[in-house]
Amino acid sequence: MSGNTFGELFRVTTFGESHGPGLGVIIDGVPAGVKIDEALIQRDLDRRRPGQSKVSTMRKEPDRVEILSGVFEGVSTGTSLAMVIRNTDQRSQDYGRLAELFRPGHADLGFFKKYGVRDYRGGGRSSGRETSMRVAAGAVAKMVLATMGVSVRACSMMIGGVYAETVDWSVVEENIVRSPDLAAAEKMVAAIRAAQADRDSVGGIICCEAHGVPAGWGEPVFDKLDALLAHAILSIGGIKGIEIGAGFEAPKKRGSENNDSILPSGFASNHAGGILGGISNGDVITFRAAMKPTSSIAKKQHTIDKEGNATEIEVLGRHDPCLVPRAVPVVEAMTALVLADLALRNRAARI
Amino acid sequence: MSGNTFGELFRVTTFGESHGPGLGVIIDGVPAGVKIDEALIQRDLDRRRPGQSKVSTMRKEPDRVEILSGVFEGVSTGTSLAMVIRNTDQRSQDYGRLAELFRPGHADLGFFKKYGVRDYRGGGRSSGRETSMRVAAGAVAKMVLATMGVSVRACSMMIGGVYAETVDWSVVEENIVRSPDLAAAEKMVAAIRAAQADRDSVGGIICCEAHGVPAGWGEPVFDKLDALLAHAILSIGGIKGIEIGAGFEAPKKRGSENNDSILPSGFASNHAGGILGGISNGDVITFRAAMKPTSSIAKKQHTIDKEGNATEIEVLGRHDPCLVPRAVPVVEAMTALVLADLALRNRAARI
Amino acid sequence: MSGNTFGELFRVTTFGESHGPGLGVIIDGVPAGVKIDEALIQRDLDRRRPGQSKVSTMRKEPDRVEILSGVFEGVSTGTSLAMVIRNTDQRSQDYGRLAELFRPGHADLGFFKKYGVRDYRGGGRSSGRETSMRVAAGAVAKMVLATMGVSVRACSMMIGGVYAETVDWSVVEENIVRSPDLAAAEKMVAAIRAAQADRDSVGGIICCEAHGVPAGWGEPVFDKLDALLAHAILSIGGIKGIEIGAGFEAPKKRGSENNDSILPSGFASNHAGGILGGISNGDVITFRAAMKPTSSIAKKQHTIDKEGNATEIEVLGRHDPCLVPRAVPVVEAMTALVLADLALRNRAARI
Amino acid sequence: MSGNTFGELFRVTTFGESHGPGLGVIIDGVPAGVKIDEALIQRDLDRRRPGQSKVSTMRKEPDRVEILSGVFEGVSTGTSLAMVIRNTDQRSQDYGRLAELFRPGHADLGFFKKYGVRDYRGGGRSSGRETSMRVAAGAVAKMVLATMGVSVRACSMMIGGVYAETVDWSVVEENIVRSPDLAAAEKMVAAIRAAQADRDSVGGIICCEAHGVPAGWGEPVFDKLDALLAHAILSIGGIKGIEIGAGFEAPKKRGSENNDSILPSGFASNHAGGILGGISNGDVITFRAAMKPTSSIAKKQHTIDKEGNATEIEVLGRHDPCLVPRAVPVVEAMTALVLADLALRNRAARI
């Protein structure tokens, strides 16, 4: 109810603040009999963790995952599966001086109005650090999906105004910005560096695909597959928009152009992004998400203090000048959570 | 679980197919003591109903609402509030001939794969007719919100490639396409008519605002205000994308441009769309949604039949050449449902 | 959240007051492909309805069910299944004079304190009439369970201090008190009549069994099969206790007596009532529920009015001197709802 | 959905097996601003932990709680509150030899049929050890309730056939069986010892009270206060029945005896156990729960192995000959969880 849980049958509940002792997740609903490969969980956590490249924050958090329950002899038991990671490099003192100010672009003000408390330690629960446990849970969801032949992948289609012009999925994990276009990747890195040099930041667009989803996943009214994806993706901090398939281009077309003709061999196009009426149609699921530029910037900005007085703020600390590359595995994770949940829900669709 | 319910504390469950005896909704969680004005519910239903103007379908459905419970002497009692409308103009025969084909752009195929049954009566549960009960429930949500000084409004920002260039909310309900720009409205009507003449259809972009939302609504992790809005809006048939505030423009800006400076008098801009870290910041909530062109078109399209053989289809019936004007109250309704739910949830945020 | 919904995958939401226009239910989660026999729904409604025998209230409510959605050509479609019945014999005037008093044994006082409104029309939402829609939904659950070879039955084991001494299930529907012992049935009728003559009422104990439940239904921690049964049964007005298998006799035994030995042919006894550790063990599910004597009695009682002043009350109206026979199908219905829900949930237990 | 979560607004999710690395709980919905006293949590854990007295198991589990999130400077922040305890004294080897047999009275068989896996390490998720995290969460719920003047207490009313004849709450924590009657306590200890000497076990009856609950808590239909209590209490392993107020005595009375007369000073009696129509009436909440004798006994019993062959079993290990004294804080905890949840839900009852 307070929104730390996501999913119905594959249900994930997380906890943890950026500056507390640690973070964790309980997955309730992992079916028994799934091989759980801890190395794959760690691999996705490593793709998300800070300090992984020269364009990400210098904070060093090893993010070592520990499985506390739900797995016996390498296989899920059907009971709740819990994982935790410990915080190690917190440096609360970096944030202490901001304790009296509200940072532009951050949840500080809303948080304070909502709860009446000001946890000034680097964002607390609204820190991006919270997404680590989504990634851990998403890695387990990917293992469930793998048993059904379903896979999920994402990449950075645009960063700082630089667009990928070709899409070669094989190079995505070969470059530090997770671009599907190596030539564009270099320009993206340059754009990030330029912003950083100006004490500023950039955003980008993430593209995600799910392959192997059979026709029939998704519920026809409120829990449409695209509605759940939108919920999942917009719940990631900094994401300001999502479009499925043709998305915002669809309204510019006529019905006869936008409809995907159905041939005996499959769909002639995929403007639908693999989803019709909220239900997967058997084609590849595709969507794009817009991520805003990092809110924490060293550049001077106008703000107010807790008493409402005008002042200026420089958010120093160790912040990513661009969060998009690290958000790629988070987008994958949330997509996997939605699909694993709907896959299990679909088992009750027919007698 | 099967996704006919939306919301946690203000919880809406709907039923009904386009060609069954009727449709209805149960709202569980209307607080006791809210004045329920049946005329306002009917007014929003009339804004959504078919046959309301020369650019909408000619189907005549009066959509008369009847309240069956939860209201006593004009005031909500705190118990579940049910409403139904009867179907009157069904003409199943219009659809019978399509019973063996899958319509491009429709959920037919996914539905059939999911349930193993083919309810060929005009879309059944995935018919746009289902949204009537969202509108009825949304009207009640608006009454709850009104007690808190919160209001919601939406309009057609683009139809068939024609954009509103000015925004005058006072004219929205004065023109049949619900444009905030009367000059653009005429061109929008022309675009719809031209498509119709070509046995084709157009889509559009809907803009929505919520005024009066105090800072602090929304839950910080999975149930962010924007995540729930995205879920709600993408659950409307035909919507392919949503963007909050600056949306897909945000990634093109630097952090220093995109952050909204905080002044003692309020925010200097509203790129955030009134939401930061998933929590309302006290500014106006704003978002846009992309609606695809109507899938049901009379133009000939390629498709397959239930046996998978190639064939052609002309979806005749009485379909809207553009659904955007009728979707405006649906977007408002879903927004109101999210806000009423979060308003009630917020009551448990502090001891 | 406001508690008008029961179940997770087979999810029932009800509405309706005793003196409003009607009552209804939406079942979200009926799997597609189940044959829906309206006559069986009506049969269970008839077993619950008022005026069915000389020991029940004389109110005449035909309780004709109408299915509004979710069924096409006699088979469930997988979409939400709604049913309504209209109220016909309301006579609100019978209750008007009690509008200023709180009836002993009734929810009036708590309702008023909770909602701040006083719906004096015969109990409103807390009327026993609310259970009619549980029975309708339970009948559908029975049809789902029948496809799995599972059946549910209940009877009156004690009424007004008279116990059934033999158990012959074949006679239960042959006598108006639903006793499994015809000799006891006559004495039960006599006990009810004697109480009625004294302007008083009696209660009883209902026994329920489920046959054919395979081992493995129920969730191991909070949603144990017995926990959900207890929730379901105690949610019926007037039920004050439940015991599973040996129940309150179990604590009087030693472990060696109470444990059911496991033989190759099955369990040597059934003190567990077919449930161990919250999971069905393959044996017959058995439990008993205690129903208090009807609260509405014509005998003079002490009470207070809305201002808190002492006064006396005679609850006249047309009330059942014993509700146990009419509660038998309600207990069956709630049991069927729990089992159908757990059956569907069990489909996600393994990969 | 898999049932490791309890509650709606004060929502508890647990994980952990008896022989894994540890156990834990996430509470989602602790309102911000509640003073969290770790010592009180530890105190309740100590009341539940093994090895606390000569009548409990000799296993030594210190059950040291660690809070990982949701508390800042001793006060709840409104975000999810997580706690873990590490397992330290597991001795899996004690159980290894039972790996091929199903223990009578245990969930082994159902678990195996449900999940297809056999976690033979002492019960795994269905171990009583799972209740430790309920107790930790319940302690937090008690702190929330304390801010509203509500308190919960429980005691052993019967053990091994010995009933408390007087009720002096002040002595409950002064004797190792948590009896409210010191004279009975001695006989209860003797009964336990006698059973233990016979390689056998005993059960008992726990009584629980909640004081200070105002009229109006509980939802009128499916989430009646007594229904949620029944769900909560029957979800504790080994509990086979519950009765509210007069419980199974109620059906033996007439309405005029069982109804609690309402006087200006309050109710003249409390047969209702403080609950009418599922809603608290302002009187003390009272109920009793029946706990079966411990299933794990050293005495030889008939059982089968995984292949279904007849054999005998002696469950040696270090088991409590009576679990009732250690279950007392678990009953309190579950009661506190229900009340905290309903207290928060009640905030949305009126506009």
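Points to keep in mind about this one:
For clarity, chains are labelled A, B, C and D in written order, and residue numbers in each chain start from 1.
Definition applied: contacts are C-beta pairs under 8 Å (C-beta built on N, C-alpha and C of every residue); 3 or more make two chains touch, one makes a residue touch a chain.
Please read all numbers here as calculations on a predicted model, not as lab measurements.
The greater number of contacting C-beta pairs, out of the two interfaces A-C and A-B, is seen for A-B.
For chain C, the chain with the farthest CA centroid is A. Look at where the CA atoms of chain B average out and do the same for chain C: the two points lie 39 Å apart. A separation of 46 Å divides the Cα centre of chain A from that of chain C.
Centre-to-centre, using mean CA coordinates, chain A is 26 Å away from chain B. Each of residues 1-5, 8-9, 14, 29, 32-33, 78-80, 114-116, 125, 220-221, 348-350 in chain C touches at least two other chains. Those residues of chain A that touch chain C in the shared complex are 1, 8-9, 29, 31-34, 76, 78-80, 144, 147, 220-221, 344-345, 347-351. Across the complex, chain A meets chain B through its residues 1-6, 8-9, 14, 102, 104-111, 113-116, 125-126, 130, 158-159, 161, 195, 198, 200-205, 214-224, 226-235, 237, 240-248, 250-264, 268, 271-273, 276-282, 290-297, 299, 301-304, 308-310, 345-346, 348-350. Remark: chain A residues 1-5, 8-9, 11, 13-17, 20-24, 26, 28-29, 32-33, 66-70, 72, 75, 77-82, 84, 114-117, 119, 121, 124-125 touch chain D in the complex.
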